[in-house]
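One structure follows; several queries about it will come next.
Lettered A, B, C and D in written order, each chain numbered from 1.
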């Protein structure tokens, strides 16, 4: 293992951790808004760290660029869809959870 | 490193299986759709890991198409299939 | 057991799950999903058979047939959905009648 | 070891999702489970060393089919509000037991047939590899689709057109007026649609030597159109009659014309001269991509655009 392998492994493992956190949040949080919050952590940070871990290993700049493009797309789509769902939920009168 | 890629792919797949509970459980349509959205992102990550493990650059194109097309499904839900009177009992 | 044989058997399982649901359910949307699952099972058997002699590259002919099949399946699904909607606007529901209802 | 476990988990997920999609009481839940089924299916194609199929499944199985089903679910609800009530209706009693027993017997027979298939079937892989350099492309799947078995693809674009004719002839209309898309969806579609069209062109171009091809490109193009429709775009009335129909038949017509020409010149359907094959295939694929995309968009709408606009 070279130093870049260690860096890549650390990033990938951290990414996996965020995916786990996102899933746990999706399962455990009480309402749609907080679940959205959990979901976007997996979307943005989990995939971001995974992409970063793989980009460290990438054989060329083009590959790293394509990885970043995929991440950027998921970011854009995730943010927009989350807004649309939260907006729709509010319009339909779903109230945020209160203790 | 090969083992790490494959194990992480397996781990993400199991994660996806756990998220299935939210699809089954609901309670609202939007919750189910949210879980499907997470599946899409997880599948993108799994594809990228498998691409690295198999050394197959082409799989990144599959991941790219996945990322683009999952959005269309989600927008179709928000714009069409989200029926107006949604159950209010959104807490467990 | 090789991975190819394993997936081929999974494909037959999918085909059976789909066939059972197709015959048992009366709601047309459910039947459309069932046919799609059956198709997925068939594709899986085909693709598994393409990889069974462990060559470097799998047989491209079944792959081409599956890609054709996927596109035909989506077109057929779209047509079936329109037919279902037409029936629903005419009959008021999307459920096939029980055989017994016809005698009444 | 780990890859074996991956296969087992994938196959189990596939079965579980199929079962859930077909047995769950809630229709919407069934559709979401079916979308997830398409996602897992695409991962299975990757495991089976079939990235070309994975790409088609990612575009169609996980994307377009989901949008189609969700839109149909909404229309079904509008046409029959109690559809969720009677959706659990199924065969019960003795017929149910009979069907289950017969299905189990059939499963056993099919499983036995698959199990006893010879494990060394040569297939056609070697023939394809031997003739690949005369096909005009270097991606074997594209070579099979557009050259060696071009007639399959010719019939397939015809099937698409027929499906659309069938759907249009039923005379449905979608009276539903949509709310304004809002700034976020509008911006999203303005960013994503050009990107989708670009990706479609890329897939069409690389299909000759790498992953891609007309079907995948057509499906991605269709996704662009569906996204525009969802964001409130409608085909301008001036384009709805003749221009739309020309685009829809461009692919099938080009294909058919080339089939007739090759039949007359060579005596064989779609037999290309090797030195011409590459260019002809790209030409057919380009028109086919546009027609496939347009047909799938029209199938998503389910009714001719001019009829919808009159509502």
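Everything below uses one rule, namely that a residue touches a chain if its C-beta (ideal position, glycine included) is under 8 Å from a C-beta of that chain, and two chains touch if they have at least 3 such contacts.
Just so it is clear, the structure is predicted and the values come from calculations on it, not from any experiment.
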Both subunit C and subunit D are touched by which chains? none
Which chain would you call central, comparing Cα centres to the global Cα centre? D
Which two chains does the highest number of contacting C-beta pairs join? C-D
Report, in whole Å, the distance between the mean C-alpha point of subunit B and the mean C-alpha point of subunit C. 22
Compute the distance, rounded to whole Å, between the mean C-alpha positions of subunit B and subunit D. 20
Can you work out the whole-Å distance between the CA centroids of subunit A and subunit C? 33
I'd like the Å distance between the centres of subunit A and subunit D, where a centre is the mean of that chain's Cα atoms. 28
Could you list which residues of subunit D touch at least two other chains? 31, 47, 64, 73, 185, 188, 192, 195, 216
In subunit A, which residues are in touch with two or more of the other chains? 73, 77, 80, 84
Pairs of chains that touch, anyone? A-B, A-D, B-D, C-D
Residue set of subunit C touching subunit D in the complex reads 2-21, 23-27, 29-30, 33-34, 36-37, 40, 43-45, 47-53, 55, 57-68, 70-72, 74-79, 81-86, 88-89, 92-95, 98
Using the touch rule from the top, collect the residues of subunit B that touch subunit A in their complex. 1, 4-5, 8, 11-12, 15-16, 18-19, 21-22, 28, 30-31, 33-35, 37-38, 41-42, 44-45, 48-49, 52, 57, 60, 63-64, 67-68, 70-71, 74-75, 78, 82, 84-86, 88, 90-92
Partner subunit C, residues of subunit D touching it in the complex: 4, 7-8, 11, 14-15, 18-19, 21-23, 27, 30-31, 34, 37, 41, 44-45, 47-50, 52-53, 56-57, 60-61, 64-65, 68-69, 72-73, 75-76, 79-80, 82-83, 86-91, 96, 99-100, 103-104, 106-107, 110-111, 114-115, 117, 119-125, 128-129, 140-141, 143-145, 148-149, 152-153, 156, 159-160, 163-164, 166-167, 170-172, 213, 215-216, 218-219, 292, 295-296, 299-300, 302
Taking the touch rule as given, give the residues of subunit B at its contact with subunit D in the complex, in rising order. 3, 6-7, 9-10, 13-14, 16-17, 20, 23-24, 26, 29, 32-33, 35-36, 39-40, 43, 46-47, 50, 54, 56, 58-59, 61-62, 64-66, 68-73, 75-81, 83
Subunit B-facing residues of subunit A, complex: 1, 5, 8-9, 12-13, 15-16, 19-20, 22-23, 26-27, 30-32, 35-36, 39, 42-43, 46-47, 50-51, 54, 57, 63, 66-67, 69-70, 73-74, 77-78, 80-81, 84-85, 88-89, 92-95, 97
